[in-house]
Structure formats: structure tokens, C-alpha cells
Amino acid sequence: MDYSQFGAMLPELIILGLFLVVFLLDTFTKDGSAKRFLTPVTTVLFGLAAVAIWLIPSCGTEVFGGMYVDSAACKAIKAILCIGVFIVLLQSSEWVESDEVAIRKGEFYELLFVTLFGMFLMISARHFLLFVIGLESASLPLAAMVAFNKKHYQSHEAAFKYIITAVFSSAVLLVGLSFVYALSGGSLYFDDIRAAIAGSEMSGLLVVALAFVIAGIGFKLSLVPFHLWTADVYQGAPTAITSYLSVISKGSAAFAFFVIFVQAFGTVYSGLWEWMMYAVIILTITIGNLFAIRQKNMKRFMAFSSISQAGYIMLGVMTESALGLGSMMYYIFVYVVSNLAVFGVISAIENKTGKVGMDDYDGLHKSNPWLSFAMTLAMFSLAGIPPFAGFFSKFLIFTSVTASGSMPLYMLVLVALINTIISLYYYLLVVKAIWINPGEAKVEAFRSAFTERLALWLCVGGIVFFGLVPCIYDYCVNTAALL
Amino acid sequence: MDITLPILILAIPFLMFLILGIGGVKMSRKLAGVLGILGMGSVMTLSYVVALTYFFSGDAAFIVDGVRQQLQVFDVTWLAFTDRLVVNIGFLLDPISAMMLVVITTISFMVHLYSWGYMEHEPGFQRYYAFLSLFSFSMLGLVVATNIFQMYIFWELVGVSSYLLIGFFYKLPSAVSASKKAFIVTRFADLFMLIGILVLSWYVSQTPADGPLGGASAFNFMMLNSQPTNVLASTLGATFMGGSVLTWAMILIFVGGMGKSAMMPLHIWLPDAMEGPTPVSALIHAATMVVAGVYLVARFFPLYCIVPDSLTFITVVGAITAFYAAVVACAQIDIKRVLAFSTISQIAFMMVSLGCAYNEPVEGVHYSGLGYMASMFHLFTHAMFKALLFLGAGALIHAVHSNNYTSMGGLRKYMPITHWTFLIGCLAIAGIPPFSGFFSKDEMLAAMFSRHWFWGAWMTMVAGLTAFYMFRLYYLIFWWEENPEYKNGHKPHDAPWQMSLPLIILAAVSCVAGFIPFGELVTFNGEPYHIHIEAPVAATSITVAVLAIALATVMYRKKNSMPEKMKNIWPGLWTAANRRFYWDEMYQWVTHTVIFGCICRGIAWFDRHIIDGTMDGLAAVTQFCSVKIKGMQSGSVQTYVAWYLLGAILLGAITWICIL
Amino acid sequence: MDLNIFWYLVPSVIMFAAGVYGFITRKNMIAMLISLELILNSADLNFVVFNRYLFPGSMEGMIFTLFAIAIAAAETAIAISIIINIYREVGNSDVASVKQMRF
Amino acid sequence: MFSNILIWFVIVPVLMMAGLACCGNGNMKAIRGVMVTGSIVLLAMAVWLVVDFLGLRASGVADEMLYAGSWMWYKPLNIHLAVGVDGISVLMILLSAVIVFAGTFASWKINPLPKNFFLWFCLLSTGVFGFFISIDMFTMFMFYEVALIPMYLLIGVWGTGRKEYSAMKLTLMLMGGSAFLMLGLLGIYWHSAPEGGQLTWNILEISHNNSIDAGWQNLLFCFTFVGFGVLGAMFPFHTWSPDGHACAPTAVSMLHAGVLMKLGGYGCFRIAIFLLPSAAQELAWIFIVLTGISIVYGAFSACVQTDLKYINAYSSVSHCGMVLFAILMLNKTAMTGGILQMLSHGLMTALFFALIGMIYGRTHTRDIRQMGGLMKIMPYLGVCYMIAGFASLGLPGLSGFVAEMTIFFGAFENASLFHRVFVIAATTSIVITAVYILRVVGKLILGPVHDEHHLQLTDASWWERLSTVTLILCLAGIGFFPNWINETIQQSFVPIINALNLAAV
């Protein structure tokens, strides 16, 4: 065996290395002494790692006989996710250092890095075995993370719902994969599956297989109707975990989804899984929006918002083109910074006051104008309002969907566009609470921690800057061509 | 002709308007009054110079072989809709516009002067003079218009100045609503005029640019009037509901004139317009603006002639209006209203006369110069004596502080100047020689008789009614029974010189104006027309007038019970006439109940509840759906999984069904 | 008797259906977990059977099954630990008691 | 890029925002300083642009768009930041600058949060200017939306009455319109070049390529026209307008009715008609019916309203309906009239809203039943209100008359009975307009003083006078000397008319 091929897995190795460093530090330092530095050291190290992942070139080689591919697009999405994780780390540092959690902070980082490692595998996998391993190592530790607030009942309820649904969905996925296996000609490589399906006749088994695979991965993406765990888990989990779940986990799954459905299932029986996704996307966007308009808890609200955002991300899958993948990656990037900006504000306020209700935001601008601005920009970006990045990401993804010129896709975009109106409504509800609702501020003025402010600045910078400056989009589209 | 004077004639009043309107707030009353009067005086002088030059200089530009010429002193592009539809602002000099310059500036100057006394104590004196200047500007612009669109522009401006002046006492609700009514009614009429212009100019503009009608803008009067047959030809024989399109266009344009000239059924605004200051009534609602309709028909007369149906329409409208207004005038109490209805009736006279200025074609000529000339003549004389009467009425109102003759009576002793001038006015309007009204009315009746005996007879009857109601008014004011209040305390007296002087001047003019050789000056085709009194017509009309005056004398000279008895013979008639045959009530019903109550409220309701309701409904439906589906998120993980599995299976099953 | 592939798939389907039924109807969290195992095992069975019957030349299905079993074990472990946590909080393992967050 | 003057119309408002961000929240002086300087600079630039533009045209420069510039933005989709102006855009920029200028003074005493107010105000103007300078559909659409969204906060925070409801309704309805619009733009882009050609967002290039087949044109025309029509307050998508305007603060109403609603009309001819000419000819009748209804319907609705702002909002529906109506007549004269009407309505409505704001600021009511005889109390405002009213009802000498007449004469060029009927229906609006304008003037400005308390109120202050005088001068300027504007606009319509003629063949 040629061990040099591990060199192509540099991102994973870096994360693994980080994991080891944290693990060793955590294990061999005593409470109260060197452990104090765990958080800053980890954050800084991860920052360096993220820079490294951005900078290292992708060599385009295959590992493990082609089960793992190190392509430009994979590296790009990993790099984008790394930014997100870095922001999450910054935002969570305050919470991690709180009395209740501080004692277990090493575990938090370890679990986080393991899941990230799993997601990276999932992104690069070109064989279902590696994919499943990645998927599971990305989702199982998350259950432990969701339950991290030991003293909060809601955290446990969320974790229970999460793990039970996760196991169920992986069971469904496995059943679906077993059917795929039956049709695959004995190999679970994506390329082989495509070749085998192309050569065989249309069968009911394939339909069921596809439906189950969509359901299995749709769970991670919280597509409707596989989304019902989302709201409860987002609400119950610690905010840092919620933000991690909502952006990183979702972003990686979306990319993997694209790879699987384009590479493994291709366009053999054109329209088969596309029609399924057509329905799922419409349901996702619409139902997510319909639920979101009633929510009063900010985290739960963001859960439904992220469900409908997932629908928009999935529009990229419908294109099955490099342009679409590039737009989708860009959308993920924008979604990461916008969503994290929102969670940054939510967690800052929650850490100081413990308030997460939308009512608690009434008159926020009077006490915390900067947080209010950040929140407003983030909401506008999520709603797709120019000149913020969200507008560009939406516009570009819609443009790439309509590229084929088929009327159903136009109609899909129309539905999505009409849904943006509903989504605008509920995003504006938050803006309204902050700026318009009368009365004195319910949250007193405070100055948040440096790390939180840094994270927010990064997010706001991303929101304002990376729409007007097209470099990220160019990067995404260029790399997407090399899947 | 040098363009300086014409430009100044238009520019001075406009500048006066700006100066008085913007700077008036900071000016003293005296300064504003002097400025206004001087301004108007200079415009009058300039106009006289222009008119006299035009009529009497004998310059080749104005008269060639005894035929008076039309000329555009200047004509500059203001707005070019298309290559053919170009709006110019210019100055057209021809007999009627020259005559109108004289009429407008004279009356306007008199009113300026008169107002100095009449309005002395009113707040907003400066504003008043500004508005008067604006009106004079608009009216002058209207009469010198070189094209129908310029006329329309100034037509609208005249309308708004009238609105501003009627509503001058803006704190009185009645003045405000009268001004509103005047504006809206005339605007309604202008709408038809606009449509008429649209139709006419469209057809003309469709002709080739190098064709006979291609020489000038499709709005141009001189071009249109010089070749009516080509204009008719340009419609390519198009018809609408049986009439030729040109007929319709001309009738529509005339409807605009009906509005301004208060012809039935658009007359309802004029009596109410008497809410304005009395000098304004004299200027606008007697002498100048209300004859704009007559002027319009005269201006477009060649085109009206080519489609005689439109002239018939004008005649019929005029005849009905004349009679109606005369009857109503017999039963009014407010002296200004009597004068207002008398104005309506007299303008209708002019209309009928114009309508009758058409004969069956004889050797290609199918107009009769008499009706046209007589109409213009009457316009001129009527302006003078009606202004006189209004100003006289103003002096009376100034003296007794009431508009109603019931609080007058026996005033001849207290106000001799007013009395005598008023009497001259009444004699003139009644058509008693040698006052001016006789001559012009006689010519008009002659023209009507020459068209058809019916029109002549009908209008002679109206002339009789005119004499009757005017003398009824005269006697009730100056004779009848003296108001006892004059004895104790408040003693009416003649007005100050600023007011009396115009009365005297106008009375003098009314006495002599009939001897102006009008036929030499103002005719349809520029050729002189020799006036001769047609003895039978003159005799009839004088007889009728004298009889009517005699009847009025019997009934109203001394206080007696005869009027009361007459009224009680047929009380319904008197009430109906007094209430103007319920036209106002009818309009009130249509506008308030039908248009406001049903249409406007209906639409507003529809908008709020149906259209807006749909939009709100969309939001409500979304909300409703949101609530309805919330059971999906029941909190029980088993339900979640059930949905999950159901979703997956349905997804597969439906796809399967679809592809099978 | 020569068993045809369907004789193996039928139990797999039954296991799947039983697992789903159990999962949805059991009140106890542990019972739900057991039902889940049934579903997972049905998938594993599928893999093995398909490998054995359809592609006897390769071992991918078998290996996949091994991994799947390991993953299932890990999942169960985490699930059990969370259930214990909940038991500590609410004093029972009734699934009906964890529906505080909803709508 | 920065040597192009047009870019500076976007940069200046952004700089103003930066300047405002540096001011303290309560520092009124600094805030006003930034706003006044900025708006004067914008106005000066706009005037210079008009003069220079006319100079260039006079010297024989015949390009469709002057000051054109194009910089690659999103390369994968060939999106450029492309700018350029023709006579129409130049005039619209001037209009916007005038209204921003007047709006600044009209909101001299805005309260609370003056800084934030002006921040959003500047963002709104950025969008407006950006829209008018763009000739790239993407940039245009982006600026369009930039201009829409600040409305939510501007109305929601600084508005009055049912402001939250109205702000939300306005935002959602306009966004609904832009959803359709966006779909239309996407369709145009993907058909913007013949098979194998380089697709483009550039309006001029799309028009030259002329490669959209008839079926797609029809679909896209409906999308784009409805999209822009919503902002143009076309029946039945107009109901955001009354509520929105009624609740908005003065300067926002001014800018929104004065400029933002013009974006709709501008977009309609610049994109829907210019790029989809054959569909425009085929489907214009549908929208002629709708806009024809708008004209009369808005006017009738205005007749029975009692809230001043509602009256003006419905009157805007009527007048903006006239704009779209004119544009749909598809001939040069009528379309020119449409642009004139945009300018005229922009100035006039801005004046109206400014005055209503000033009156409301004093009397604290907008219900005409609770006011009366204001001429006696505040003669300056009363006179201004009457002038605005006269402009609205089309008095010669003010801009409304010029615009309406150009529309009527242009619209009458279409000889079909269908067109004639609708033109005549549209002309009736001049009477109905007179009715509701005079009703308000008669009740509010004239007549006896209704409320004795009002007698203590003061007349306009210097900043209010400055704001109104600017607008009145512009109204009268167009009304007196319309022909240069008319010619400038007509010239700019040549490419569109050519495209229409080409499609007709």
C-alpha cells in the first residue's frame, strides 16, 4: 500500500491532527492551569488550519482506490466550511468558558473535530461505504453535542429526538443503499453505479432506492418531510451547536448530495430523481416558510428558516451543471456567513441574558444598536435583499437553475421566488421587533466578548463584501468545474 | 406689424400677475391698486393702438383691395407633439381679435378702476388685482390665439382665473362651492372640446405633409379656415352614428363653448358665479369670458359652415337657452342673478345669430355675412351695456349691502348717477333706439328672419321678454316702494368717483356704440358689409320692446298687488322659474347621489374590500395554512418518523405511478 | 430445497415492517431502540443476500454489512446514554414524556 | 471606472452614508451638514449632466447611450456593471436629484433617530440613481431592489398610523412584483443571444441581438410588465400605494411617489417594451385595459377619501396609470408624454406629500373633515397646495398639462376603435381629477376655519419654503418651456420605436 496517498487527504489529516492535539491537551492538563488556554489555543490553531486548507492546492488525486477524491471543488467547499467552523468557534468560546460547560470544553472540541472530519470524508467520498462512514461520524457525535447542556432538560429532549431520528434515517438510507447495491452490478463506486444503472432497465426497485436515499440524506439537510426533528433539536441544543448544525452540517450534506445524485444516479432516466427533488424542494421551501411565520423562539424560528434555505440550496442540485454547483457552493458560503451572523447575535444575547424569544428583541436598537445592525443586515441577507450577499446568492442560483430553459424549472423558480416573499415577511418580523416595536428595550445594554464581536464583524464583512465583490463566486464556479 | 406691441399686450398683464401675486404680500393697497390700474391702462392703450392701426391705417398688411387680412404677428413653437401636431403660441390679428382686444381691455380697465373703490376695504386687495391681471392675460391670449390648441390653453387659464375670482371671498362656503361648480362644469365641457380637437387634428394631421393641409401645424386656424373643403375631405368620408366625423368634431368643440358661454344644459354655474365680487361678474361673467364660446364659433366659422348640421345644433341650443334664461330671469329676486340669466339669454342670442349665418348654397357661397357680423356686433355692444349694468348693480349692492331687490326700491332719489346709467343700460338691452343694443339686436333678428321665419319670431319673443324683465328689475330697484330703512339711519348714496366714472363712460359708450360702422370693420370674410336697418324687423322689435316695457311699467312702477296676483294665477310656474326649473337639483342628484354616492363610494368600497381584501386574504390564507399544518410538528418523535416514512414511501410511490 | 433470493428478502421486508411498526407504536424508548435495530438488520440482511445471490464474485456487500453493524452499535450506545439522561430528568423512559418542544 | 461621472451618482450617496455613520446620533448639525452638502452635490452633478448631455447631443453625438461604461462583474454569467444614459435617464436623474434635495429639507426636523433615517434615505437614493444609470439588467434589478427595501424601515420606524401593517404590505407586494420581474429577466438573459452566441445582460446588446422568439416574448413580457407594473401602481396591484403612502413619513412619501414609482414606468419601456417588442405589440391590449381602469378607478376612488394622503395616493394611482397607459400606446408621442407625466407627477406628488407632511406636522390630522380654511392660517402652504392641485388637474403653465396633452394626442394616433375608446375614457380623468382636487382645496384650504385651535399655527419655515419652491419652480419650468424636454425625450425613444417597427415587420 502506498502511504503517500494519504498526503492527498491533507484537510482531513489536519483536522485529525487538531483532534489529537486537543485530545492530548485535554487529557494531560489539569483543570485551572494550562487548560485555561485550551480555548484560545484551539481557536487559533483552527484558524491557522483553515488558512492552510484555503491555501493548499488540490492535487486532484484519488485515494483508497478511488473511494476518496481530492478535487478542487471538494477542497473549496471544505475551505468554505472551515470559515464557518472558525466563526462558530469564536462565537462559542464565551459559552464554552462558562462555568457549566468549561469543565467539558475539551470534549466539545473533540466532538466537533470528529464531526468535521466525518463531513470532510462525506464530501470527498466517491464510494457509498466511505460516504456512510463519513455521514455517521458526522452525525453521531452531534447527538452528544446536542445534549451538551447537561442541566437543561430541553437539551436532552433534543438529543433524544435527534439520535432516534438519525438512526432511523440511517437505517432507511441503508435499506435504500442495499437496493442500490442490488442494481449496481456489485460495486458501490459512484461511477460504477451510474454505468450499471445506465445499462439496466428501469425498475421499481430503483425508484424505491432513490426515494430512500433522498430520505436518508434529506434528513441531514432537513428537507421536508424529513425535517421534523430540526426545529426541536435546534431549539433544545446549545446555541453554538445549533449554529454548527444549521450551517456546517447542512452545507457538507448539500455538497455530498450533489455529488451522489449527479455522479452516481446521473441523468440516466432523466427526470426520475429530478421530479422527486422537484416536489421535495417545493415542499421544503413552502412548509419551512409556513412554519417559520408563527415562531416566537428565535432558535426555533431559525430552524424553520434554515429548512427553507435548504430548499433554495437544493435548487443547485436541479441544475446538474458546474455552474449550478458553483452557485450552490456560493449560496452555502453566503448562507454560512448570514446564518452565523444571526446566531452570533442570538448567542451573544442568550449568553448575557438567557433570552431567546422574539419578543425579547423589542426595541433592541435602543440598547444595542450594533447588534441590531448586524441582525438587520443578516436578516436582509437571508431574505435576499441587495446589496447584501444573500441577494447575489439567490439571484445566481436562480439564474443557473433556469439555464436549461425548461418550463418546469422556470415554474420551480417562480415558486421559490414567491416563497421569498413569505420568507421576507418573517425575516422582517425580526427587523420589526428590533426597530419598530414600541416600548423600552427588554435586553439591557451590554458589551459582548471580543471573540463574539470578531465573529460578528467577520460575518457582517462577508455579508456586505462578498456580494459586491465576485471573487468567491468566481472561485466557486471555477473549482466546481473540477468536481 | 412690429411684434413689440403684441408681445407687450400679453406680457404686461402676466408680469403684473407675477409682481402682484408674489410681491403683493409686502405691498401697500394703494401701490398694488395703482400698479394694477396703470398696468391695465397701458395694455388698453397698446390694444387701442394695435386695433386702430389694424382697422384704420390702411396698411397693405392689413387691408388689400378693401378686404381685411388675417395675419399672424408672431407664432413660435411651444411644444411639438409630432411633425404635424405642433403647438404654437402666437398672436393672430384679424377683425374679430382686434375687436376683442378693444372690448377686453376697455372693460378690464373699467373694472380695475371701479374695483379700486368697490374693493377698497376687502382683505386680499393685492391678490384681487393679481387675479384680475391673470384673467386679462388669459383672455387676451385666448382671443389672439393662432391655433385651436393655444386657444385651449388659454381657455383653461381663463377657467382657472374665473375660479380664483369667483372664490375670492374664500371664507364663504357659498363662494367656494360656486367657484368649484364653475370650474368643474366648464372643465366637463372642455373635456368634449378636447376630444373634438383630438378628432379634428388627427384627421388633418393624417393628410400628406406636402398636401394642401400640410403647410402649417394641424391646429392652425388660418390654415384650417382657409380650406374647409380640404378639411372635410381629410376625414375621408368617415361617419359616426350617421353624422360626418367633422360634424361631430365641430359639435364637440362647440360643447366646450357651451360650457364657457353657459348654454343649456351647462348653464348652471353662471348664476352661482355671482358669488364673486361684482366687478368680477361684470368683467368675466358678462362681458368677456362668457362670450368665449361665441368667439370660438366665430373663429372656426368656416369649418362650421362646411358642416351645416353643427350650425343647426348651435341654433337650437341657443334658441332654447335664450328663452329659458329669459323666463327664469323674470322670476329672480337677486339682482345679480337676473343679470346673470339675462347674460345667458343674450349670449344665446349671439349663438343663434351665428347659427343662422348660413344659407342654402347659392353659387358656392353658403354663408350670410349678416348673422356673423350682427353676432359680433352684439358681442361688442352687449359687453359694454352688460358691464354697465353689472357695475351699476355693484354700486347698488355697495350702497345697500344686499343683493336682493326686496331691500331696495325707490333708490332713484338717493343714487342719481347710478339710476341714470342703469336706465341707459336697460334701454340698450331692451333694444330701444338709439341705444346700441337696438342696432345689434336688430341686425341679429334680421339675420334670423332671413334664415327662417321661426327663428326670427322666436327670438323676437325672447327680445320682448328681455325688455320686460330688465324693466321689471329697473322699476323694482329704483321705483316701487321706498325702503323705509333709508329714512332712518342708513342712507344710500352714489358711489365714489372711481366707481362712478366707469359707469358714466360705459353709459356714454352704450349710447353711441350703435353708430359705429361695424359692418365696415368686422365681417366674416373681411369684406365690408353694408348695414341697413330692415324696417319691418326693426318696427316689430321696437313695438315688442315698447309693449313689454309698458307692461313692466304698469306692473312695477308703483307698489301694487298686480305682480302678486299674476304669480298666483299659476304659482307652480313662478316657483319653477324661480328655482330655475330645477336644473340645479337635477345636477345635484346626479353628482351627489349617482356619481359620488354610487360610483365613487362603490369603487372605493370595492378597492378596500375586494382588491385590498384579496391581498390581505392572501396573507390570511398563508397564516391559516400555517396554523392548519402545525399538527405535523407534534413534538412526538414517533409522529416525526411516521411522516418521514410516509414521505419517503409516497415519494417513491407517486413517482412510480407517474412513470408507469 | 433450493431457496430462491426472495425467501431471504421476505424476512427482510418483514423485519423492516415490524421495526417500523414497533418504532411507531411502542411507548418505551428502549423498545423503540430495539425496533430500530430490526430495521437496521433488515438492511444488513439485504446487503448480504444481494451480495451472495447477485454478485457472488465480490465482497462489497459483506464488508458494508460489517461496517453497518459497527455503526449501529455506536448509534445504540449513544442513544442509550441519552435515554439514561432523560430517565434521570423525568424518571421514566416513556416516549410520551419527551414532547415538550413542538409546533 | 471612477472617471465615469455616472458612477459618482451611486458613490456620492454611499459617501453620504459613510459620512452619516461617522456623525453622532444626536448631532443634528453634522447630520444636516452631510445631507445638505450631499444633496447639493447630487443636484449640481445632475444639472451638469443634463447640460453636458444636451451639449453632446447638440454637437452630433448619436450614440444610443452616452457616458457608457462597462466593467465585468460576475464573469461566469457575463454580468457587468454597465452604465450609460440617454435623454430619458438624464431627466429622471435630474428629477431624483431634485426630489432628494427637496426631501432633505422636508425632513429637516425628523425625529427620532435622525441619523438612521438619513442612512436609509441615502440607501434608497443610491438604489434610485443606480437604477437610472444602469443599462445592464442585473445591475438594474439589483438597484431596483436596493431602492425598495429601505422603505420598510423608513415607513415602519418613522411612519404614522397603521405603519407596521402598511410597511409590511408595501414591501411584500413590491417584492411580489419583483419576483415576477426577476423571472422575466432570467428568461430574457437565457434567450439574449442566438444559438451559440455570448449571452448578455446588456440591454443594448440584447436589443441588437433580437433573438427572443415570439412565444417566449409573450411570456416574458407578462412577467416583466407585471413586475414593473406593481411598482407603477397598476390596477389591481396598486393597493400597497394608498396604505403605504398614508403611513410613510413626508420625505419618504416624496421620494417614493416622486421617484420610486417612476422606476416601474421606466422599467416597463426600457425592458419590457424595448427588449420584447413583438410581445409588446401583441399583448399591449391586456395592459391597456388594466391601466385604463387604473386611471379612472384611481380618480374615482380619490373622490371620496377623507385622508389627505389617501387622496393623493389614489390620485397617484390614476396618474401613474396614465404613465403606463401612455407607454403602452407604443408610439413616440404618447411614450414621450408618458415620460413627461413621470416627471410631472414626480414633482407634483412630491410637492403634495411635502405639503401634507407640513400640514400634518402642524395640525396633527390629515382628515379633511377636521380642517378647513387653512389659507387664512398658513397662506404660504395654502397657495402651494393650490399650485400643486392645479398641476395635478392639468392647468396650462404647469407640467401636468403638457404631459397629459402629449399623452392624449399621442394615444389618439392609434386608430383602432379599442384604443380610441380607452383614450377617451382616459381623458375623462381630467374632469374627475378636477373634482377631487377642488373638493380638497375647497374644504381644506378655502372655506371657514374649522378648528379654532388651528389659528395659533404658524406658516412655513425657511427650509419648508426652500423645499416647496424648488419643486414649484421645476413644475412651472416644465410647464412653460416643455419643448426642449420633449425633444430630448423623443430623440431617446428612437431606438425603441425602431425596435417596435422591426418587430412589426
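Every chain is named by a letter (A, B, C and D) in the order it is written, and numbering of its residues begins at 1.
Please note the rule applied: a contact is a pair of C-beta atoms (placed from the backbone, for glycine too) under 8 Å apart; a residue touches a chain by one contact, two chains touch by 3 or more.
Just so it is clear, the structure is predicted and the values come from calculations on it, not from any experiment.
**Q** Based on CA centres, what chain would you say lies at the far end from chain D?
**A** Comparing chain centres, C lies farthest from chain D.
**Q** When you average C-alpha coordinates per chain, which one falls nearest the overall C-alpha average? Tell me, please.
**A** D
**Q** Would you mind telling me which chain pair, B-D or B-C, is linked by more contacting C-beta pairs?
**A** Taking the two pairs in turn, the one with more contacts turns out to be B-D.
**Q** So the centre of each chain is just the mean of its C-alpha atoms; given that, what is the distance between chain B and chain D in Å?
**A** Each chain's C-alpha centroid was found; their separation is 37 Å.
**Q** Rounded to the nearest whole Å, what is the centre-to-centre distance of chain B and chain C, using the mean of the C-alpha atoms as each centre?
**A** Roughly 96 Å, centre to centre.
**Q** Where the CA atoms of chain A average out and where those of chain D average out, how many Å apart are those spots?
**A** The computed centroid separation for chain A versus chain D comes out at 42 Å.
**Q** Report the inter-centroid distance (CA atoms only) between chain A and chain C in whole Å.
**A** 27
**Q** Which residues belonging to chain D are in contact with no fewer than two other chains?
**A** Residue numbers touching two or more other chains: 172.
**Q** What parts of chain A, by residue number, touch at least two of the other chains?
**A** 160-161, 164, 168, 172, 231-232, 294, 425
**Q** Residues of chain C touching 2+ other chains?
**A** Each of 23, 32, 98, 100-103 in chain C touches at least two other chains.
**Q** By the touch definition up top, name every chain pair that qualifies.
**A** Result for touching pairs of chains: A-B, A-C, A-D, B-C, B-D.
**Q** For chain D, which residues are in contact with chain B within the complex?
**A** The contact residues of chain D facing chain B are 169, 172-173, 235-236, 238-240, 242-243, 297, 300-301, 303-305, 332-333, 373, 375-376, 379, 390, 393-397, 401-402, 405-406, 408-410, 412-413, 423-424, 427-428, 430-431, 434-435, 438-439, 442, 445-449, 482-483, 486-487.
**Q** Okay, in this complex, where on chain C does chain B touch?
**A** 20, 23-25, 32, 95-96, 98-103
**Q** Please output the residues of chain B touching chain D within their complex, sorted ascending.
**A** It is residues 25, 77-82, 85, 149, 153-154, 156-157, 160, 163, 167, 170-173, 176-177, 179-180, 183-184, 187-188, 190-191, 194-195, 198-199, 201-202, 595-596, 599-601, 603-604, 607, 611-612, 614-616, 619 of chain B that touch chain D.
**Q** Which of the residues in chain B come into contact with chain A in the complex?
**A** My answer: residues 619, 622-623, 625-627, 629-630, 632-633, 635, 637, 639-641, 643-649, 651-652, 654-656, 658-659.
**Q** Within their complex, state which residues of chain D touch chain A.
**A** Where chain D meets chain A, its residues are 73-77, 113, 138, 141-143, 145-146, 149, 152-153, 156-157, 163-164, 167-168, 171-172, 175-176, 179-180, 182-183, 186-187, 189-191.
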